[in-house]
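Both complexes below contain chain A, partnered by chain B and then by chain C.
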Partner chain A sequence: MSTTDVAMHMSDGIVNAPTSLIFGVISILFVGLAAVRARADLDDRTAPMAGLVTAFVFAVQMINFPILPGASGHLLGGALVAILVGPWVGTLCITIVLVVQSLLFADGGLTALGTNVFNMAIIGVFVGWAVARAMRGLARRSRRGLIVTAFVAAFVNTVVASLGFVLEYAIGGAAGATTGTVLTLMVGFHALIGIGEGIITAATVGAVAAVRPDLVHLLRTAPRVAQPAGRGPARGEGSTA
Partner chain B sequence: MTAPDTRRRSRFLIGFLLAALVIAGGVSYLASSSPDGLDSVTLHGCQVTETATGEQLDGACIAQNATEHPAATGPLADYSIGGAEHSVGLAGIIGVIVTVLAAGGLFWLLRGRRGPAAGDGPGDDGAHDHG
Partner chain C sequence: MGAGHSHPLYLEGSSVVHRLPAEVKIVAAFLTVLCVVATPREAFWAFGGYLLLLAAVWAAARIPPGWMARRALIEAPFVVLAVLLPFTGPDPRFEWAGLSLSHAGTLGAWNILAKGTLGVLTSLTLAATTPMRDLLLGLQRLRVPALVLTIATLMLRYADVIAGEARRMRLARIARGHDPRFLWQAGATARGIGSLFIRSYERGERVHLAMLSRGWTGTMPTTGAPATVRSQWLVALALPLVAAALAVTGMMTT
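Let's look at the complex of A and B:
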């Protein structure tokens, strides 16, 4: 018997110390790499945007939505940040959110920070980015294409990020359930959460693209001339031209 | 960069910040208090009873192994102000402000020394993506 508070992310003690250490080291190295690579994507225009995207993810992660009777889900945000600010900056965004949540709000353990960063800030962001990248042709074609891309990328990032926990549990999980049970339940719950994640991501990316398509990293990283054909370039040209 | 452009940009950024503040400060009251996906998995097999000190777990489940967070008694623990009821909104607003300052500050320091991006700088595509 024990008492615990329900929080949003992995608590301390769920996986053993060596496993926490391994994923902690991997996460520190990867976040360091991200800090180096992010410099190329940050300038006077994108840096404030990235700061606000981070705060936005913090805010939306507070909103647990029901998925089943007695179970809820919340945004992870991997595809959202990858599409808006790119994967390297995006990894830093989610890492900052997780650090603030753990240190200030006691949400997500301290030794579990490495595993939480690995699952959400690394797997979630880069899987979301890989899917969005693969669908970039569609995303560029129209606003609707971008919204579909955001939904799919977010759904996949949620499910694959949940596999990160299964991996960590398989390596060094505490007792309480078999790995098979954990796998089935994690994927099942996160397939449902992924739908919510997809809706939130699609709505947010769609809203940003409607007013400031130039701030959507996914639309920007190729030759700039290649603005979405068709209905794209009409917005706001009057004031700048 | 023209003046209307700057104004349009800051209007967008302020709107984005306001959205985050409204979500954390207001919409957070509507959030479901059921365990999320991960917690549902770690609580699988246990009976959860609410007690004055938290949730009491009976049975065999992963969450039995969870240890108390070192900051569990901190002033903002569990998205409340000192544990006060109905303070999630204010805690959320503090969180948004702390996050935007921490992240904005870090990203501002990290930004490439390219000078003010003219909005269409050719430097934008020099990164890791060559398509």
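Let's look at the complex of A and C:
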């Protein structure tokens, strides 16, 4: 693979130590709240499902999509998990992925974990969820509406998450570029990545809704009736791909 | 389903560093990187000191430096960002090898490069000496909520399975002539991700039923790992202590 991967995982040393610590504390508090609130969406019965969704996010972050010749990005998945499993469980999923990537794969710095969780797991998921919630009427009306909703939510989530980076950089940026330069670079890049994120999120949500609409959290009205496993129609490749 | 319970960055061993409890190593690594990040960028010698410190840990853990160096290339994407800084940074500028470089931008690039590299090397040292199940036990002892741990455990067990499935789907696309270069060609990738989600979720439902039939009650059973003793904390915290001494000296001298 000769392309450059434009990812959003910050390394150590991009923001200074106090900023890292502040965002670390904010993230720990918020993820603690998410762990409590996720219980409402997710009794112990369904924790294995959340585990597999997290494994899915982990695998999906390894799939690169092209932006321009020579540059590729990978999915952040904030809006995707918010729409599929809800914001609280979604925040937990992305946080776990980021922590594991940082501890076991040296992807994203240890001290940058707080800022990375803040940008991708908190801002990313909740902005995606807020947009999707605001457009829920449209999403429920038709398949096309759902796809448009997923695209817009993912695009906005990516751009706003990159603004989180700009905010942290403005507070405690430790490099020589001005905030204006960083703002232009980050928002420019992430508007492009956001289009890719939007297309993939929309197609993924569309594909899931076509086969198992009961799995899409955004479309749920009442608590889901327990459904026997393996009853989903057509697990074959041909019907969804 | 032959997914091992190890991970690609783990280096089998039984050294002092390998035998330390995971929570001790996580805390020590975090504090060390914090010291690195807090060091002023102009204290060039301090960063050499950190590298020597890590090299001492590698020697104790019997990790060959070459093994480390190859894996440190993970960092390459950040280097791309750092390389831009000397050109985009503000005035004053200076001439070097015919290029006009920004003074602040070059210092900023050095800052990201040095701290980012030391951060990656520290994380790699932690990953190389800590198997996955120890890491989960360590997180449990650091008071991570049980629900989060359950999700993380299952995620780690199945990440290889799902990633393998994603890799096979990608190979299948390539074998059928899929060669995307532009954003609007992402459709096939996206539909693949959709079916990957459905397969993951349905596997989750099957795993859940399998766990229930084996008597799962909602919490992970604890294993009989030995408790951490104070001397192990003292051994591991020697690393951030030296790092803190370097950071403080760095702050005083610049």
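Miscellaneous remarks
Just so it is clear, the second predicted complex is superposed on the first by the 201 of 241 C-alpha atoms of A that agree within 3 Å, B and C clash if a C-alpha of one lies under 4 Å from a C-alpha of the other, contacts with A are read in each partner's own complex, and residues count from 1 in each chain.
Here is the rule we go by: a residue touches a chain if its C-beta (ideal position, glycine included) is under 8 Å from a C-beta of that chain, and two chains touch if they have at least 3 such contacts.
Since the model is a prediction, treat every value here as computed from it, not as a measurement.
In the overlay built on the shared chain, the residue A:189 is in contact with chain B alone; chain C does not reach it. In the superposition on chain A, A:147 makes contact with neither chain B nor chain C. With both structures placed on the common chain, the touch criterion links A:37 to chain B but leaves chain C unconnected. In the superposition on chain A, A:159 makes contact with neither chain B nor chain C. When the shared chain is aligned, chain B comes close enough to touch A:74, but chain C does not.
In the superposed model, A:220 makes contact with chain B only, not with chain C. In the overlay built on the shared chain, the residue A:123 is in contact with neither chain B nor chain C. Chain A residues 4-7, 11-14, 35, 38-39, 42, 44-56, 58-60, 62-63, 65-67, 92-93, 96-97, 100, 102-107, 109-110, 174-177, 181, 192, 211-212, 215, 240 lie at the interface with chain B in one structure and with chain C in the other. Here chain B touches chain A in the complex through residues 2, 4-5, 8-9, 12-13, 16-17, 19-21, 23-24, 27-28, 30-45, 51, 53-58, 60-72, 74, 76-79, 88, 91-92, 95-100, 102-108, 110-112, 114-117, 119-121, 123-129, 131, going by the rule given at the top. Looking at the complex, you find that chain A touches chain C at residues 4-7, 11-14, 16-17, 20-21, 31-32, 35, 38-39, 42, 44-56, 58-60, 62-63, 65-69, 75, 84, 92-93, 95-97, 99-100, 102-107, 109-112, 174-178, 181, 192, 195-196, 199-200, 202-208, 211-212, 215, 229-230, 232, 235, 237, 240-241. Contact residues of chain A toward chain B in the complex are 1-14, 35, 37-56, 58-60, 62-67, 70-74, 86, 88-89, 92-93, 96-97, 100-107, 109-110, 162, 165, 169, 173-177, 181-182, 185-186, 189-190, 192-193, 211-212, 214-215, 220-224, 236, 239-240. Chain C makes touch with chain A in their complex at residues 7-9, 26, 29-30, 33-34, 36-38, 41, 71, 74-75, 77-78, 80, 82, 85-86, 88-90, 102-109, 111-112, 114-116, 118-120, 122-124, 126-127, 130, 132, 135, 145, 147-148, 150-159, 161-163, 165-166, 170, 180-209, 211, 217-219.
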